[in-house]
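Each of the next two complexes has chain A plus one more chain, namely chain B in the first and chain C in the second.
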Partner chain A sequence: MSRFIALARTNPSALVGLALLLALAGVATGAGVLYPGDPMAMVGPRSLWPLRDAAFPLGTDQLGRDVAAQLCHAARVSLSIGVGAAILATMIGVSVGALAGYAGGRLDDALTRLSEYFQTIPTFLFSMVLVAVLAPSIGSVTLAIGLTAWPEIARLTRAEVFRIRRADYVLAAETMGLGHARIIATHILPNSLAPVIVMVSAVVAHAILVEAALAFLGLGDPNTISWGSMIGNARPLLRTAWYLTALPGLAIFVAVMGFVLLGGGVADLLNPRMRVRRTSAGELRGGDA
Partner chain B sequence: MLEIQGLDVDYRSHGGTVRAVRGVDLAVGRGETLGLVGESGCGKSSLARAVMRLTDVARGAIRIDGIDIARLKGRALLPYRRKLQMVFQDSASSLDPRFDMTRIIEEPLRTTQANGAARARRVASLMDQVGLAASLKDRYPHELSGGQRQRAAIARALACGPELLVLDEPVSALDVSLQAQVLNLLVDLQQEYKLAYLFVSHDIGVVQHMADRVAVMYLGRIVETGTHADVLAAPAHPYTQALLAAVPVISPRTHRIANRPVVTGELPSPLNPPTGCAFHPRCPLVQARCRHAVPQLRVAGEGRAVACHLHETSQVSSLCLQEGLVPA
Partner chain C sequence: MLKAIPGDLVDVIAGEGGAASPEYMDMLRAQFGLDRPDWAQFLAYVRQLGHFDLGYSFRHNMPISQLILDRLPATLLLIGAAVALAVGLGLLLGALAARFRGGLVDQAVSVFAAVVFATPVFWIGLMAIVLFAVQLRWFPLGGMTQIGGPPGVLGAVGDIAYHLVLPASTLSLAYLALYARVTRAAMGEVYDLDYVRTARAKGISEARIAIRHVLRNALLPVVTLSGLQLGSVLGGAVVVETVFSWPGMGRLAFEAVSDRDINLLLSLFLCNSLLVIVMSLVIDLLYGVLDPRVELAS
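== the complex of A and B ==
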C-alpha cells in the first residue's frame, strides 16, 4: 500500500490511467444493472441527439436504440477481447522468449526464426483470414488477435532473459545446484518482466484497436455489440449524425489511453529500487507520534 | 582436494577460437590457499569459472577428492556443486536485486533444509559469522554498502557447507579500508572451517596477504608456481619479476612512486597469441629460441615450477641483476 501511495505521488499519469480503466471496468461490469434490457432493442425515437432527452442522455441511433446502453454493453466485449487476446499473446510470447533466451543455441535459433516468420505475415490480414475461417465469435476474434501479437512479446522477453541469464546472481544460483525451472522462475523472470509488462498493456490497447477494426469491417461477433461494430453501423450517417461514430471512438480512445498510461506506472511499481523500506516507514511513523 | 590437470577452456567467437586456458595443472589441498595471479584477460577468471562448471571444459580434468567433474552434468554434478562455492568480484551484480538478505543467504539451503525455522536459525548464525548485524536481514542489496554486500555473498557461499571457495577478485571492488576487513574475515573463516581457497586476483599485494602457494598465469598458461615465500622473495620467471616490480613503492625522498622498469606493452590478443613463449614480445631477457619454442613448466626446486627457457640454465637471476630488474 505504501508503494501504491509512493507511485501516486511520483507518477500521476499512471494514476489517471488506472482511474480511466477502473471507470471503464465499472461500466462494463455494471452494464447489466444499468441497462438490464437488450441494448439492441429499439426503445426510443430515431436519431435522437445526445443531451436532448433525459431518458437517453447519449441519444439514440438511426433505429432508435439507446447509445448509452450500447456503449456500456460494448465495453464488455471490447475489454474482454482486448484483455483475453493480450493474456494469450503474453503466455505464448513469454514462454517462447524465456525458453529461447535461457536455452540459447539451436533452440534459440529455431524459436527466433518462428517468431520472425510470424512477424513477416501482415498481422491484420492474418487476423481477418483467421476470423473469416473460424466464423466470427468472441473466441475466434480473441484467438486471431492473440496469435498475431505474441512475437513482439517473445522478442522482448528473449532479449531481457538473455541479458539476465549472464548475470552473476544467476551463475551463483547455478553453482548452488538449483534447477533450471527454479532459476527461471525465481531469478530470471522477475528481473526481466518489467519491460514486458509495459508492453503487455500496449498489446491490450492494440488488441482493442484491432477488434474495433475487425468489427468495423463486419468481422465481429454478429450476436454481440462492440465499439468497432457501433462505428461500422454509424458509418453511413457520418455527416448527419456524427455523434454515433464519435462516442464509441471516444470510448476506444479512453480505453487505449488508460492501458498505455497504466503500463508506464506498473514498470515503476515493479522496480525494487522504488520500494519504500519498512524500517524507514517505521521511523517516519515514530516521528509523527 | 581440488586437482586440475591439463585444463583447456576455449571460447568460439567470430574471429576464431580463443584458447583462454591452456594446459593448466594446479592442485589445492584441504585448508590451503592457492593464489592465482595475472593481468586482466590472462584467463584466470575463465579458469575459476571452469572449476565452478560455469563454462564448458574443452579438455582436461577437474578432480574433487579424486573424482573428475569436468564432464559431469545435471544430477550427477549436484553433490560436487555443494563442495565448491564461489564469491564473485562485484557484489552488486552477484546478489539478486529483488531478494532481501534473508532470502539471499537461505537460497542454497532451500534444497536441503525443508524446515523454515531451522533455515532462519542457520541464516542468523551465518550473518553473525560474517559480521552482518541481524537488523540487516530484510534489507535489499541496493540498501547495503559494498562491504556488507560482499559479506552477504560470503555468507551465501558458506551456507551449504563447502570445502573450497573460489574467490574471484573478492576485494577488488572494495575500498582499501574495507579490503583488509574482508580479507581478515576470509582468514578467520578458513581457520574455523578448514576451507580451501582458490584466490584469484590481479593484485599480487592482496595475494601476498592470503596465499600459502602462488600460481602466476600469463595468456592462459601457468608460468610459475611455488610457495608464497619462494615466489615473492625470489621470483624465477621474468613475468613474475615484472609483476612484483610493478607493486608501487613510495620512496620517501622523491614523493613520486618509484619508477622501476616494468613490463611494457599490452597483453597480446589471445585470438592470435605469439609463437613460442607467449611472453617473449614483452620480455626484457628475450632470446632467439623464446620466439619459436614453447617453454614447458619444469620443476625448479622444492614445490616449485617455472616455464622459462632461461631458467633451465639458471641464467635468469644473473641476467636480471645486469638489467637492474631486481635489486642486488
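== the complex of A and C ==
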C-alpha cells in the first residue's frame, strides 16, 4: 500500500492509466447490465448524431443501432482478445526464454534462433494469413496475435534468467539437489519476472491495436462486434457520418493509452533506482518501457 | 543463412493452406490439383518456386508474378515516400529534442510519440480523409491518379504526388515518432561523451557539434532500428492502402484475404520476406558507409 501511495505521488500518469483501464473494464463487464439487449438490434432512428437524443447519447448508426451499446459490447471483445493474446504470448515467451536462459548451450542457440526467425517475419501479414487460414473467430484472432507477439518477451526473459542463473542462491538450490523445474519455477522466475510484467502491458496494448486492424479489414469474428469492425462498417459513411468512425477510434486510443501509462508507472515502481533518479532530476515522465 | 528462412515458413503454411481452404475451391478442386495429398501439393509448390513461378491466381485469372509486378511500383513509391519522410523529420525532431533536452520540443516529441503509438494507423488515415479531403478539400479522397487528369508526363507526376500526400504522411507517422525517440535517446548518450566537451572547448558552433560530432555517431542505432522496422512496413501498407484505395501490394493482400486466394497471399508473403532480406543487406552495407571501423570484407 505504501508503494501504491509512492506511485501516486511520483507518477500521476500511471494512476491515470489505471483509472482509464478500470473504467473500461467496468464498462466491458457492465455491458450486459447497461445494455441488456442485443447490441446489433435496430432500436432507434437511423444515422442519429451524438448528443441529439437523450435515449441515444452517442447516436445511432446507419441501421439504427445504438452506438453506445455497441461500444460497450465491443469493449468486451477487444479487451478480451487483447488480454488473451498477451497471456498466450507471455506463456510462450516466458517458457521459451526461461528454458533458453537456464539450459544454455545448444538448446539456447536453437531457441534463440527460433525467436529471431519469428522476429524477421512480417508479423501483421503473418497474423492475416493465420486468421484467413483458420477462419476468423475470437479464438483464431487471439491465437494469431499471441503467436506473433512472444519473441520480445522470450528475449527479455532469457536475458533476466541468464543474469540470475549463476547467482549464489541458485547454485545453493542446485547443491541441495532440487530438480531443474523446481529451481526455475520457485527460485529463478519470481526474481526475473518484474521487467517482463512491464512488457506484458505493452504487449496487451499492441494486441488491441492489431486486433482492431484485423477487424477493420474484415478479419474479425463475424458474429461479434469489436471497435475495429465498427470502424470498418462505418467507413462507407465517412463523408456523412464520420462520428461513427471517430468514436470507436477514440475507444481504442483510450484503451491502448491506459495500458501504456500503467506499464510505464509499474516500470518506475519496480525500479527504485530509476525512481530516485527521475524524481531527483525533476523529470517524472514514464512510458519508456 | 537468412535466405533459408522465408522458404521454410512459406512451405509450412502452404501445407496448411492447401488443406484448409476447401470451402472456396470445392468444385474447382480437381482442376487445380487440390485433391492431391498435402505432400504432393507441397512438393509441387516448392518445385514451382524453384523455377521462380509463383503460380496462378484463379481469382484474378492472371499469373501471380504478373499481378505483383503490376502492383509493385505503387507500393514501393508509397513506402519509399513514407520512409523518407519519417527518417527526415524523425532525425530532425529527435536531434532538436536531444539538443534541448527537457525543452518544449523534447516534451512535445514524447507526448506526440505516445499519442501516435496509441492510435490505430487506419483511424488516423480515416480522420485525415475527413479533415483534409471531405471538410477542407485540400487533397483527394483516395486512389493514385485522377481519371482524365492533367496532360503530359509532368502533369501525371504532379497528379500522383498530389494523391500521395495523405497516404504517405499517414504511413510515416508511426515510424516518425519512433525514429524521433530513438534519435533522441542515441544522441543523448553521445552528448555526454568527452569528445563533445572537447569540441565545445575548441569553440566549434553548437550546430556543427550536433550534426558532425553527435548525430553522425548516433546514426548507427537509428539505422539498425529502421532496418528492423522496415520489415513490418508492408503490414502497415496493407491498412493504409485499403483506407486510401491505393492500388498497391498491400491492397492486393487484403483482396487475397477476403477472396480466400491463399496462393496469392503466400506469394505476397514471400515477396515481403524478400524485401526484408534485401533491406537487411542494405542496412549491413550502410554500416560500412556510416562507420569506417566496420569492414565489409571479413
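Note that in this section the second predicted complex is superposed on the first by the 247 of 289 C-alpha atoms of A that agree within 3 Å, B and C clash if a C-alpha of one lies under 4 Å from a C-alpha of the other, contacts with A are read in each partner's own complex, and residues count from 1 in each chain.
Quick note on the criterion: a contact is a pair of C-beta atoms (placed from the backbone, for glycine too) under 8 Å apart; a residue touches a chain by one contact, two chains touch by 3 or more.
Note that the structure is predicted; figures quoted are calculated from it, not measured.
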### Message
So in the superposed three-chain picture, is A:Arg235 touching just chain B, just chain C, both, or none of them (first/second/both/neither)?
### Response
second
### Query
Between chain B (first) and chain C (second), which does A:Asn191 come into contact with in this model arrangement: first, second, both, or neither?
first
#### Entry: Touched partner set for A:Met176, first chain B, second chain C, both or neither
first
### Query
Given the superposition on chain A, which partner contacts more residues in chain A: chain B or chain C?
C
### Task
Would you check which partner chain A:Arg163 touches, where first means chain B only, second means chain C only, and both and neither mean what they say?
neither
### Task
Enumerate the contact residues on chain A facing chain C in the complex.
117, 119-126, 128-129, 131-134, 205, 209, 212-213, 216-219, 228, 231, 235, 238-239, 242, 245-246, 249, 252-253, 256-257, 260, 283, 285, 287
#### Entry: Of all residues in chain A, those that touch chain B in their complex
167-169, 171-178, 186-187, 190-191, 272-273, 275, 277-279
## Note on the structure
Per the touch rule above, chain B residues touching chain A in the complex are 49, 52-54, 77-78, 81-82, 84-86, 88, 90, 93-98, 107-108, 111, 135, 138-140, 142-143, 153, 156, 160
### Message
Quick check on the complex: what are the chain C residues that touch chain A?
### Response
2, 5-6, 9, 13, 16-17, 20-21, 102, 110, 114-115, 117-123, 126-127, 129-130, 134, 228, 231-232, 234-236, 238-239, 242-243, 253-254, 257-258, 260, 262, 265-266, 268-269, 272-273, 276
